[in-house]
């Protein structure tokens, strides 16, 4: 089939390549003319047969929203827009409603795979009406891994990004789980070879996983992770997962712990702990540390 | 080689079988004469050539301690005792010291594998002097999985059980991670097929793992887990992991969250929440629920 | 001064009384004619001299929003609306903007005090322009406690409800703190008189507080809290506090723990714990509990 | 009455003074001859009439244990030793048993009060047999605050230190509660005067407390706490509280959060977060920060 693909960054570019390898035609558009196949959204839409399918792979929020609005002007009844970006799931319903009066279908699709996706395939979680899913199905089949898993029609509009969001929330907590174990193993003298312990877990244990494999790979590069700072960004999905939990009165203590550990990792000095230290000083005459000048030793 | 094996329950019995399949001789002893190869510890020790290697596979705590003490009377210089049970790692040093004056070596070994171990092999984490490890190595080779992983000499005496303990702590937190995601996916109407979402994650995703595979297997049996109560025991290692973290000033918030969720899951009515409700009632005139009689609806 | 007061429920009714006791005139309106001083918003507004000050004390969300919209039609330049309800702080900016084109001032005011407020005064946290605060000041003075504290102009529009929200988040966590201590004290045989221990803490300790006094009062009524179910609602501010933390990358682990404990307290059976139990059953042959029929013993 | 008091540091010295002000005779012993009333334990014991009461106020652990052992040699049937230090409650039973064969009574007493204790009195939580409590009662009466609270006979031997331990665990969590609120209030532009918000809470609110008063005092000294590092020690009782919770399957998530925040506050760079960053880097090509040289900016 023929597909329009908007957004040809690292992720979108690799996806174009994988879809083409599967024998489909991809018309790609990007603001960067060096990677773009066409000069404009109009040219992209004009190049596609009906029903036209356009996959949007641009940053979440305003860029995605603006792209969907622009496409609404160019597409018509029976066409389908797929949002494959990292949109918040609550945006999906708004986009679907925006498009409905022109009869344009909307599918949201969470995409996992990262730098391995081109070769190994992308895990895909889609939401939307079955008739729209069906139109896009050849693209899903091209992108997904070869095995029997990695692709799901999760439910209604929003279900794709919701599932991907929860996937990432789980990912945060699993990473935190291994990280706590690593710190603890390194804390006692008896365990002399922490990397080998982690490596041994790759087979025959309850906790074997791909993330464990990745951690061992990282430890093989740098046994003590001395070249990596204890600093982790968060990308939105972790926050949204915790907030979705709160909205639904679902406790997510492990996922939340993982998110908060990242927040704290980015602080040079914790304001909350300043307050704790100040209170201790007031009631007990506990020694407090004077804030060192920037760069000073605080540990 | 020839091995004495004490404790022939579900775990020990399968291990005896796997070691024998590898061509070694196992003399097993159990208090249950139906499964025991010999009538007594004395008979077991008498049946082994020197250096005698005896693997203890009995419940942690007093039973293991008593067995080690009894073996001390029967063994001598150059012999080796392996504790393959779920002992707390702090017991290992005590056992090693107990045996040292007779020159009996001690190795602690954490064993993972459960009901799959007989066929797939057991993951093994051992601690002890290299010379003692070397004596037992053929047994480790027989028990471990066939691949390149699943076996590690983690460090000094105690390192094996410490590593296994941390493994289990990580396991608690990973299970909690998936569990939170499952509850959240089920909480919104948009996601219509939670089991299929989990199944799709088995390939191409960041969170693919063996525990995920197990959860999908369970969901295939019972999509809503309606036949399973939200109640989980904890077996000691999770508690010890958190306590080891505290002893070493290592924060383990995700593992702790998993442990506490299990504690709470076993309470019909939370005393702490009674106190919260009582305070709310005092200051705000908030309605509190009267405790229902046993069996009454409280949710 | 003269004040219009909309919403005469338990809270609003007591506030009307306290303001009147201070010598001010209050024109109250409520949908319930039995408590209302006037028949309509129009009548309320008509009864006030300029600049007209109207205090809105209705449920947060749509009811408050609709009331503000209706008042916008009736008020004009220089008049001031105060939202004294439990609104989410993000609503305040929207209300202020709505009113700005007619020159109507907006003040948000978080109010704490509950059933003691009539006699002891209400703690007030207000946000808005100083000129609008000044207009309302006599009412604040009437409502606040007699001592030197209990009233603050916290900052810009939104700061009042934000401060009240954080107050409530802190309140959740402090209540949880005492509650955990209570459960723990009751868990060991050595402590024979838990209520007396709590009572003793009321003086001379680091943790003396009004919430502690309340808990002791509750324990004096019912030593084991046997008549109170371990079940706690949450009223919005706790959730908003955690979400505000996430929006600002501020970790709030104690407040979050308190919120999640309430979520879990309202579940008969935890879905997440079902998933944990299901995984344990898969890998270890651990016994799981079959879900009991409604009302059955699960603990 | 006459009391022997061992340990005349900041705490013990003040306690001696307060007991003397109440009209009792105190014979104090300290290794530092400048503050000691007598030259030796022997001299201290010799100076007391029977039944001799000796209050031990030395560091927990070995120093307390050694002092109790030394006193056992010097005391006899009907005498009473009080351990008023910060001992772990599990030590108390051991001390009581040690002394029982000579008929020496043992009382454990948790003491709260800090630098205010001399003037305001000390909150006291005692454990032991009523007959031993009765012998020491005049000293308790001298030390406790003047009001009706601040003193409790909590239960059997160990109950005093257990109650004090839980008191401190609660204290950790309450401090954390305010600290989280402080960090959050400071994180938004709308709240322009955080110190005044906290000050306003001192009256009429649900969260008024002595710790709040202390925090306001600290903020009055240094509005932004810019002279205090976000670094907090923990003194043992917090750890023991969490461990006691684990031993009794009592979840203490807020107290634990407070403890872990202190652990993390003392780390320059979190090993766990290094592991998280390393995993992120492996799967996503996420930029990681290279560890800066000591003193470099990591935030």
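Per-chain numbering from 1; labels A, B, C and D assigned in written order.
One rule holds in what follows: contacts are C-beta pairs under 8 Å (C-beta built on N, C-alpha and C of every residue); 3 or more make two chains touch, one makes a residue touch a chain.
Keep in mind that this is a model prediction, so the values were computed, not measured.
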Just grab the chain with the largest centre-to-centre distance to chain A, centres being mean Cα coordinates. D
Length of the line joining the C-alpha centres of chain A and chain B, rounded to whole Å: 33
Whole-Å separation of chain centres (CA-atom averages), chain B against chain C: 45
Taking each chain's centre as the mean of its CA atoms, how far is chain A from chain C in angstrom? 36
Mind pulling the residue numbers of chain D that touch at least two other chains? 114, 176, 178, 180, 183, 206, 211, 250-253, 256-258, 260-261, 264, 266, 272, 283
Make each chain a node and each touching pair an edge, then name the shape: line, ring, star, complete, other. complete
Residue ranges of chain A touching chain B (in the complex, touch as defined): 89, 112-114, 117, 120-125, 127, 144-145, 147-159, 162-163, 166-171, 173-174, 176-178, 180-181, 183-185, 187-193, 196-197, 199-212, 241, 244-245, 248, 250-258, 260-261
Residue numbers of chain C touching chain B in their complex, please. 10, 114-116, 175-176, 178-180, 182-183, 186, 211, 214-215, 217-219, 222, 225-233, 253, 258, 261-262, 264-286, 288-292, 294-299
For chain B, which residues count as touching chain D in their complex? 206, 234, 239, 242-243, 246-247, 249-253, 256-257, 259-261, 263-264, 266, 272, 283
